[in-house]
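Next come the structures, one after another.
In what comes next, chain A is part of two complexes: it sits with chain B in the first one and with chain C in the second one.
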Partner chain A sequence: MDFPIFHLDIFGNRGLVATIAILHVLVNHSLAVGMMPLVACMEWYGHKRQDPRWDKLAYNILFVAFLITTTVGAMTGIGIWLSVSLVNPYSIGSLIRVFFWAWFTEWLVFVTEVCLILAYTLTWRKWSEGKAKERHIRLGFTLGFFSWVTMAIIVAILGFMMDPGNWMTEHTLWSGITNPIYLPQLAFRTPLAATMAGIVAMFLAQFFTSKDAAFRNEALRAIALWTLFFAPFVFIAGFWYYSVVPDFMKANFGVALTTLEFTDWQEKFLQIALITVVAILITVQLTIARPNLLPRVALLAPLFVIFWMTGHFERVREFVRKPYVIGRYMYANGFRVDDYPLLQRDGVLAHATYSNPLTDAERAGLPDDLGEAEREAKLEHLQMGKDVFMLTCSRCHTGHGVNSITGHLQRMFGDQPWTPDLTTGYIEGMHEVQPFMPPFPGNKKELQLLGEYLEHLQKNKAPIPGAQTAGIIVHAAPALRAAKIDQSETITR
Partner chain B sequence: MNQIPVPNDIPLPLPAPEPVLIGVLIFFFLLHIVFVNFMVGGSLLTFYYELRGLKQKRYDRLACEIASTITANKSIAVVIGIGPLLAINTLYTVYFYTANALTGALWISIIPLVVTAFVLTYIHKYLWHQMDWIKWLHLGVSAAAGLIFLFIPLIFLTNINLMLFPDKWASVHGFLSALILPNVFPRYIHFLLACPAMTGLFLVWLFRRRSDAEIAATGFARADLIRIGYQWALWPTVAQFFVGPIALFTLPQTQGPLGPVIAVFGVSILVAIVLSILLFNETRRPAETIGRSFGAICLLMLVAVGLMGAGRHLYREAAIAPHREIVRAKTLDYMRQVEEARQQAAVQGAAQ
Partner chain C sequence: MDSLSTWLQARPYRLTVLNALLLTLLLGVIGSAPLFEIIGGAAVAIAGLAFLGKAVRNAFRWRGRGQLYDLVLLWAPGVVAIILSLAAIGLIGVNPSGSVAYGLGVILFGAELAILIIGGSDAAAFPAFLSDPV
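Now for the complex of A and B:
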């Protein structure tokens, strides 16, 4: 990482990316990829039966999808990019260099998709008769296809991040796209999107058909059949997907599914997931068999559950690829695997152009009895310790907020003083105990500096600002700065 | 002591020849900015005419006509913007990401701001008649959307400006300090004036192709609507003759030569003079012949915009190219050290 470091110390950097990304996936899958073909089917069905109620329902659902996808959907898609470029510029910068043409193609498809959704929505009333209607229906199916293609391209990149496959040796776009996780993941997401769209459409249909009970039952039954058709493929493809996830990543599932504190919950989580899936199937079956018995509020349950499960799935997918952000190529801290021998020899500070300066609040809490020289030396150590923390830990951990490093130390060591001897011993070997953690990339002296900084954090609870508020210090000769560590005496008071 | 930073670049090759990426960047950025002009300008003109519509109803109908175009233009503006963003990520990785990080809070707030502005635009458009009885609130929605639309380009501009000056990076502490760097506001005013100007031309195009019935529904004659469009195109363009040179001469000095930049902008000023004369003539034409020069005007506007884009790129290169060479050399040296350390580690590993 050789960029100024953006950091959110309360919400967490991962929290920023995850919030935007999960919101995007929920909107994209349920209201674009899955919904557009469903709406086109509804329009086609209404035209075939010459039943304007279907046409009206299809338009109303499309209008909701149009409003949300062209605001929250489109902008969170760009938001993923902007947020990742802040949080981990090295990974997104590398991915863009590998997948430029894939992204470029996806962008052209996305432009087409946006033009199509504008045309499809805005011409609905104009193209309502005869040949124009048939053309409009074809437009709907074309839109559905393009929505799927955008997802199909992006999934190649997501798969690559988990397992780059032959790209590690060939370094070509094609070898990156044909990574081993691509097709299983695409096969999983396609029916997932269709199922989600079905559940959302069932939920919306209740409101748009409230004045016509007979049609409501007919519409709910038809949409439930759509949902039931795709749901089994989610499980089949899900199993295929799971089977190609590299073994070392599967070891992370326990942590990914819940949190570090509750790794033993894996079994319980799976039970809950099974129960929720069964709940969806029961609701859908009930909708097909006895739609008139279905209370409105009942459809909130599958809606909530499928959103929750999809969001959780994305969280798991993001987590299990750890310790990497790009499988076997780049660690989650932004350092390439190949960089490690150099960094562990010279130290990360020897190759870091920027520092995140300590604020006055962060400097507080030093012992009162330090002389001026000692105080300056201690502050210099803290500055370097903070830089090591920012470079090696801060992409995933905050100081005192979500997934904080102090929280983990408190859990492990309690209120006893977090002396460097105590913490550095753990950090040095943590990747062996916790396989989702990358090895510490710096050298021994930097480990010691980090230990001193963590000791300081036990007493100083001030938020750690990122470059976006505190600015940066530029080091024209970082190697010289790192060499100063040798000359200074470690202060552990 | 703060000095000019020389960071390492990403050690992967560019995915395409540099000229191709530059072509993608310039062409699609200009396309994007034209639709952004339509979006922002449309938003401002809608508000203005809706306000006038409080006294004369037909202006309210004109405002409604303009408002109906914003939602499509904004979607196209956003989606077209991704292409140049891809190219700038690749060509100027170090510079762009650094500027993003240094103004990170405002940079990421673009997302909720744009979403909010879009939602307000939809409310404004689709609830126009339902909100007739609370017109002040409807105007408030329009004003809020317009203000957000005005602010977002300022965030982008501040970022794009900051990335050009590595020597300023160490002195920046968040968005506000980047905002006051030289040249941001002259460029911003230059952009602001372009919004009604481009939207004016867009309105001419729109009202030339509307059916007679649609025109009649507005309560205006077609020629009057076209004239309104031309007037919006003309006067902000005339104002650019004052703002443009200020934006040009407040550009910070660069290590690279600025001669080509000044030459390109000079030619664009000449084109703009001809464009303004044609626009002025159009506003004076009678109903029978108004719109006759529309094709020529669009062509000249296209040339002027293209020259602006080229000049902008030449300046960016003049500002960055020397520094980028130092970054390249440093990155190469870093990769040499990486390789050396790997071999050293392999030897040590084998010895153990």
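Now for the complex of A and C:
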């Protein structure tokens, strides 16, 4: 455990990653991967028909895509890796070791993509005639291809995180890329991106064309046709994708679709999803049949629902792979499956270089009748209990914020005292009751320390700061520190 | 009432669409899946055949003159509507009446049947409907 622990106790680490990642996917899929080929098609069609209205519409839509992808898209793309490196450096470290050359290639492709979108946008007006225009159209399709390639590489890593497949025995880059989830997920995301782009373009086209112009009808109809063409492939590939998701992950769908508190809503959620799909299909068909009757607000509905559904799909994909962050290789808490026997024997503290020190607010709430020595011993236990919590729980759980451990304990045990006997009994076997939870990685003594800390959290509602605000304590010899647990056991109560 | 009547008479398919929607409503209220499958299936068959007949005739008539894109616009709305209306009947058939999925199937069926009828009318007016979609 070679990194200090970053922690957001209100919003939660997962919330940070999810917000950035979902925003990135929405921008990437709708405005880059799907939109660039669509814009290139519109430019090509306008050139073929020598109709400048198509060219103008294509440019206006491209300009919106250009502004958003080069700002929000690029920032969130980098933000994903920055945030996951902070939140779970061990998983990202493992992924970099496996996919180093894939990521290197993706970086080159990404830089090329950025150069291409700059060139495509900035040369639009200059390369507007004859051969130059044809070259510009080819540039657009090339940009679309490179946008897709960046996604194609990253999807290999996302698939690997769900199911590493043969990599578990072969340990090669190729076996990592050719994981069982890769092609189905790529096949799903490609038409999804095209469909999203179509819906966004329909929405934008209403702003860039005048209401009474016949061209608006023509443009809306053509873009709706593009959307309708790709929509069935989303369903077909979606079923393919679902069919390769490992069974133990499918068991997590109830929680993944909503939250632990709302598992009964799974059916309702699926119904809502079905309603939204039907609403999108009918709106797109009506756009083809009668574009002139479509009010601007009508296209807000499919725009909203496809963004919501894609965002929710990302949440589900992230959650269903629990208890792993990398399927069968590393648990969500950042510990490798193979390291568990060692950790459960020695304890996690024996390998922890850093502590997040208790703040004054966190120290409050100890019994008043403690003597100085007892108080110091109790605080030392609390510090070690907090360290166990930070090492084993805090990657996913907060203390008192979103997905808080106190919230779960309150739901299970109510206001009765959360004694270590009560909580440790549950935590010891929680992975058998809740299949999305990893087994507790520490030893019995650390489980007891965690139990004492959770008992303290019932009374102390102070936020638990991460290393970024509370600083760190460096343990030069963590094994010696772990050995002290035995010595201090007799003087605590 | 007069204006509604005038609006309905302006395009012959409008009255057919209204009838189709009323039929869908009636079948939905009855709540019998087998009846929906038989009557609804027959309605799709009639509207589908009408669409296909007009689309085939005009596709041949415009062979070599229209662009591929125009032909796609001729065929796609009706074909998709046929597929989705059959999917809607399937949804109605496997879900109990009164459930959300059943209601959704009824709405989808009504919408697809209406789009299929409009598609048939548009196919008859191909390619004029491309520039005059009312």
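Everything below uses one rule, namely that the second predicted complex is superposed on the first by the 486 of 493 C-alpha atoms of A that agree within 3 Å, B and C clash if a C-alpha of one lies under 4 Å from a C-alpha of the other, contacts with A are read in each partner's own complex, and residues count from 1 in each chain.
Methods note: a residue touches a chain if its C-beta (ideal position, glycine included) is under 8 Å from a C-beta of that chain, and two chains touch if they have at least 3 such contacts.
What you see is a predicted model, and the numbers here were worked out from it, not measured in a lab.
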| item | value |
| --- | --- |
| Fit or clash between chain C and chain B when superposed on chain A | fit |
| Which of chain B and chain C A:Ala301 touches, first, second, both or neither | neither |
| Which superposed partner A:Val64 touches (first chain B, second chain C, both, neither) | neither |
| Touching partner for A:Ala222 - first (chain B), second (chain C), both, neither | second |
| Partner chain in contact with A:Gly466 - chain B first, chain C second, else both or neither | first |
| Partner chain in contact with A:Pro341 - chain B first, chain C second, else both or neither | first |
| Which superposed partner A:Val278 touches (first chain B, second chain C, both, neither) | second |
| Partner chain in contact with A:Leu122 - chain B first, chain C second, else both or neither | first |
| Of chain C and chain B, partner touching more chain A residues | B |
| Touched partner set for A:Asn292, first chain B, second chain C, both or neither | second |
| CA minimum distance (chain B, chain C), superposed complexes, angstrom | 36 |
| Footprint of chain B on chain A - complex, ascending | 2-6, 16, 20, 67, 70-72, 74-76, 78-79, 81-83, 85-86, 89-90, 92-94, 96-101, 103-104, 107, 110-111, 114-115, 118, 122, 173, 336, 338-339, 341-342, 345-346, 351, 353-354, 466-476 |
| Partner chain A, residues of chain B touching it in the complex | 2-8, 10-16, 24, 71-72, 75-76, 78-83, 85-86, 89-90, 93-94, 97-98, 100-105, 107-108, 110-111, 114-115, 118-119, 122, 169-175, 177, 334, 337-338, 340-342, 344-345 |
| List of chain A residues in touch with chain C within their complex | 45, 214, 217-218, 221-222, 225, 228-229, 271, 274-275, 278, 281-282, 285-286, 288-292 |
| Residue ranges of chain C touching chain A (in the complex, touch as defined) | 69, 72-73, 76-77, 80-81, 84, 100-101, 104, 107-108, 111-112, 115, 118-119, 122, 130-131, 133-134 |
